[in-house]
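Single-structure report; data block below.
As written, the chains take the letters A, B, C and D, and residue 1 is the first residue of each chain.
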Amino acid sequence: MGHDIFEISINAIKLIVVFLLIVQAVPVLVWLERRGSAFIQNRLGPNRIGPFGLLQLAADAVKFFFKEEFVPANAVKLLYYAAPVIALIPATLAFAAIPLGQPVQWNEYLFRLQGYEINVGIVFVLAVSSLAPYSILIAGWGSGNKYALMGALRASAQVISYELALGLSIVGMILIYGTFNLTEMIQAQQAPLSYSLLGFTLPLNFLPAWGIFYQPLGAIIFFAASFAESNRLPFDLAEGEAELVAGFHIEYGGFKMLLFFIGEYGHMIVASALMVLFYFGGYAIPGISLADLNQWTADHTASANAASLLAGLLTFVCFFIKLSIFLWIFIQVRWTLPRFRYDQLMDLGWKTMLPWALFNTVLTATFVYLAHL
Amino acid sequence: MSQQTLMAILIFAPLVGFFINGFRYKKHSAEVAGTIATGAAVISFISALLMVIDLIGLPAEERRISVQFFDWITIEKLKVVAGFTIDQISAIMVLVVTGVGSLIHLFSIGYMHHDEGVAKYFAYLNLFLFNMLLLILGDNLLVMFVGWEGVGLCSYLLIGFWFTDKQKATAGMKAFITNRVGDAAFLLGMFVLFLTFGTLNFQEINHLVPLTSELTWLAPITMGTLFLFIGATGKSAQIPLYVWLPDAMAGPTPVSALIHAATMVTAGVYMIVRLNPLFMAAPNTMMIIATIGGLTAVMAASIGLTQWDIKKVLAYSTVSQLGYMFLACGVGAFGAALFHLMTHAFFKALMFLGSGSVIHAMHEEQDIRKMGGLKKYLPHTYLTFLIGWLAIIGVPPFAGFFSKDEILWQAFHSPRGHWVFWAMGALGAVMTAFYMTRLMALTFWGESRFSKKIHPHESPMIMLIPLFVLAILSAIGGWIGIPHVISEILPGQPGNFLETWLEPMIKTVPGTEHAEPSLEWGLMGISVMLAAISAMTAYHFYVKDPSKPKKIAASLGKLYDVVYNKYYVDEGYFCGIINPLVRLSKGIWFYIDVNFIDKTTYVISDLVRGSGLFVRGIQNGNIQQYAMYIGLGVVATMTYVLMR
Amino acid sequence: MSADVFLFWFLAILTLAGGLTTVLVTNPIYSALSLAFTMIGVSALFVSLNAYFLAGVQLIVYAGAVTVLFVMVLMMFDLKHELITFTRGKISGLVKAGLVALFAGLIVGSVLITSDVFSKSGGAPEAVIGGDTTKALGTILFSKYIFGFEALGVLLLIVAIGAVALARSKGGTHAK
Amino acid sequence: MQNSELIGEIGLTHYLILSALLFVAGMAGVLLRRNAIVILMSVELMLNAVNLSFVAFSHYLGQMDGQVMVFFVMTIAAAEVSVGLAILVSIFKRYKEINVRFFEHLKG
């Protein structure tokens, strides 16, 4: 944390920037989703306003701002208004804890490219995202609408259910890397891949030691569970148009709707970021270890500060490229897979993913024990 | 096969049969259930035979096969082993029981063919056989007692087999309750013996018995044997506990043959023979046994003279014959008792089965006044029944002659005996000959008196085979115990096989050896002659001149009524024991239980409830109140700690 | 006033306000929401006491699961404003309120009386409390308290089964 | 103890008193509220207060045992709530009632 006024103000700015980042990413993602879905479904999508329809975003924003503000008659006003605001909190808080690039060393100051460094980052991210059901529940109940309440109950039950599988699937990673710290976890994924068991070692030097190679099952469970966590298709039972019209945000429109949107996309971003972090080496560039990168930047720039800044920028870009890939997968899945039934969803969560995650944990623990023998 | 395995098969084969039939008793047909049950009994019989053959192979003094399965009870001094023994005595008994039992099982297949609960019936029969084997083979009193109770239970179940008929169910209960009196005495006897000897094992008891006789009435051995004898009177239907046996004829006829003629009722005799050294040491008891036995023999036979029900006649005959056995025990002729037990098992089982065949043929008609002339309808049954008749009235050389004659001779001759005992026996024999001939005459000879609707038919082969086998046994079964006087004049001098066989096990009364052959011949002649005269009289009365009996009955008047009504013993029991007991119980129930004990407890419970009502206010179901009490406690504690 | 002090007072007031709201508000849903708020406050207080891991667990377990369950159940029952919020017994109510006040006084009093004892022994080993305590917690949890930990695992399994059984029953003691 | 110290310097005492006040608030809820679910929530509040004091002791006395206890308390609290809520749900399904005074009918 900050020790002088400069660092404190930088940290404050960082927080704002991270928040803005997640807020501003949403319109881009919306555009991406609309265009992408259009192409998936053999349509054109919004293409009239601006180049490639990019200005559609601005038009949307204007529309959101100027929509009529209304409150349903049965709504509980306080909760009705509070819900969209609360919806923003978990995603942004979680995103702020994610390291986006290599820390920049500027003279005596160390600037981390993340909102804040927390030693138990994984626990923090899980903890914060476990608060997500509140906004949904508050929205659903505060709207005073039957469909909204049903959607909210469904959504929160779903989120709680999948949180278990989600958390358990990460336990394997924690066991292997022995840390809760996200930065340390990225550092640990730099080494070349090698499997060792009972003193035998199988080196696979051409691959990085990414989590996906150690924890394929955990990665699959995590990825699937994070879909459910962010209420996206194929798990968007909370909205389920055919049954519940639009789920918990049925009574919301205009700007409040936009806030929910931001929350949802924020979840998506956080999930993708965690996926990158845990299983795909974080901000590290594939094939080039962080040490090599630092060496390279030091060779090609004049000062140490500039080298550090360059390395930070490069890793940041790399992280965003990886993140975008996963975000696109999210979108692609949404527009290709049909929706589950609710009982199937619960069955999948409790009877399939949870046991497999438990199995994965036990298996990992056994292997870690054997590897350290 | 080891002896342990063989013994286990011998004992538990019927139990297995019981379980197989018992658990699926609604599913089995008569053939299936009968085959299972008979098979179990036959397996038992074969293994018993194998064991007896083993036994014969041993030298005379060591003829004993003991098998101990496990320690059953071990409490300080009391050590009971689940052990079983075959020796000379139990060998005879086990062969009789399993052999006759197997035949009766076979007979039952035919007899019970049309009954709905046939599998249940066979299950009971097998269970009975198992318990009887426990009783016979158990090497201590407690195991014997288990079997003793078990056969009692089976007897109850089988007497009341057709329990929907209230009279039959009542007969079962009567048997059970009467036996209970005897069983209680048996238990007491066991206690006394255990206190005296510190063991319940037969062999040990027989070894520990002092050689000198005790003559006081309150001596422990006298007490113990008396109690055991009372137990035996219950099981073996002696005065005063014989009343259940005639009523027990309510059960299916094969049951009467198996339980109430051949096996269970002889358990008392068997028990006394088993413990003969002990009983020898108690002359007073012996005297009582002889007296009771003689009285029973005469009294039952006299009742038998007047009965009209074919099975009732046989039942009283059984009681009377059992009386003979006890008479023999009482005069110290244990071998003769066992001998008569065996022959009686043959011919009485034969006669019961024969009567079963008759009843079967007559469509459940049991009154001999409505029979007659069945000779031509049931030739095979008639033939076998005839052999049984010859055996029971003591015509030489049929089985009954030898055993009955042995008993009479011993009653007269033994130092413990007396001419009065002989006279009782002879009187019984005369009456036996009379009522048995009467039975024959009314059933098979003379005119047929049944209605024209009934067409008697001979029984199927499956029922006849046991009859034939038993008839052969009744005819020749007595030859194993031919008395010396006869043996001497026979070619080859076969000798008394039974006596030699039993010799190591049976204590003989000192002073029996010196006998005068002429006296024995004389007595034998007298008894045979008396029986012959009596039988001929009966033949004359009931075949030649059927009106005579009524005249005689009328001339006897009251006396005939008394005998016909079985001396009013049942009524006497009701007046003298049962009704006062019921009234006393009711009185105790009303005055002591309801008015005193109950009211006392009411006062106590009211006190408790009153205080409970008072305290209950605290526990009012309001959890917040409970939480408040917790809070009060915590505050009080904290205050105390802080103020201290 | 340093940042730590400010943080404490800020969190203390928020937490206490949340707790009181939980108890006093008549609408049970507001109660549950303010309970969640209190949980988050307590979690933040844990952070101020350097117990990071526990703070995270507090959020996950209490705020993320337990209170969400409360809210869900309340919403499912659709209970709104309560007519009878508090106990109505005059005497017992007074006794209870007095009891609560007495208890509060006693605890605060005892804490204040004994506070100098703590401040004297306050020279706590800085090494332990200084940095992050997660590793130390893990070590002690899986060594000294391993039996309790296992027992809790069994308890949780039993409770999971029991809760499912209870919730599935159609009511009454002999569920079909 | 000086007044300024009390505000300006945070020690174990502050945390303990905060914990005590939270506990008392929870206790008041348990004793006075009628809604069974709110009573359960108040119990949770009490447990949280105790947790806080555990962590405070652990921090100021430099021992980890307190935190382990908090860990255990949390687990048990979660268990308690799940069972308690399951019971309440089945009662509510049957009687449509969660007033705690209604449960007086359950007494023996």
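Keep in mind that, in the parts below, a contact is a pair of C-beta atoms (placed from the backbone, for glycine too) under 8 Å apart; a residue touches a chain by one contact, two chains touch by 3 or more.
Predicted, not measured: the structure shown is a model, and the values here were computed from it.
K.L.:
Under the document's definition of touching, what chains do subunit B and subunit D have as common neighbours?
P.N.:
C
K.L.:
Which chain maximises the distance between its CA centroid and that of subunit A?
P.N.:
Measuring from the centre of subunit A, the most distant chain centre belongs to B.
K.L.:
For subunit C versus subunit D, what separation do you get between their C-alpha means, in angstrom?
P.N.:
Using C-alpha averages as centres, the distance is 5 Å.
K.L.:
Averaging only over C-alpha atoms, locate the centres of subunit B and subunit C and give their separation in whole Å.
P.N.:
The mean C-alpha positions of subunit B and subunit C differ by 80 Å.
K.L.:
Which whole number of Å gives the spacing of the CA centres of subunit A and subunit C?
P.N.:
That pair's centroid distance is 29 Å.
K.L.:
Please work out the Cα centroid separation of subunit A and subunit D, and write it as a whole number of Å.
P.N.:
Between these chains, centre-to-centre, one finds 33 Å.
K.L.:
Could you pull out the residues of subunit D that touch at least 2 other chains?
P.N.:
Only 27, 31-32 qualify.
K.L.:
Please set out, as single numbers or ranges, the residues of subunit A touching at least two other chains.
P.N.:
none
K.L.:
Mind pulling the residue numbers of subunit B that touch at least two other chains?
P.N.:
624, 628, 631
K.L.:
Chain pairs that touch, all of them, please.
P.N.:
A-C, B-C, B-D, C-D
K.L.:
Would you mind writing out the residues of subunit D in touch with subunit C in their complex?
P.N.:
For this pair, the touching residues of subunit D are 1, 7-18, 20-29, 31-35, 37-38, 40-42, 44-45, 48-49, 51-52, 55-56, 58-65, 67-68, 70-72, 74-79, 81-83, 85-94, 98-99.
K.L.:
Any idea which subunit C residues touch subunit A in the complex?
P.N.:
Residues 29, 33, 36, 40, 43, 52-53, 55-60, 63-65, 68-69, 71-72, 75-76, 78, 132, 134 of subunit C touch subunit A in their complex.
K.L.:
Which subunit C residues qualify as touching subunit D in the complex?
P.N.:
That would be residues 1, 4-5, 8-9, 12, 15-16, 19-20, 22-23, 28, 31-32, 35, 38-39, 42, 45-46, 49-51, 54, 57-58, 61-62, 65-67, 69-70, 73-74, 76-77, 79, 82, 84-87, 93, 96-97, 99-100, 103-104, 107-108, 111-112, 115, 118-119, 121-122, 124-129, 133, 136-137, 139-141, 144-145, 148, 152, 155-156, 159-160, 162-164, 166-167, 169-172 of subunit C.
K.L.:
Which residues of subunit A touch subunit C in their complex?
P.N.:
Counting only subunit A, the residues touching subunit C are 79, 118-120, 123-124, 126-128, 130-131, 133-134, 137-138, 140-141, 149, 152-153, 156-157, 160, 163, 167, 180.
K.L.:
Tell me, which parts of subunit B touch subunit D in their complex?
P.N.:
619-624, 627-628, 631
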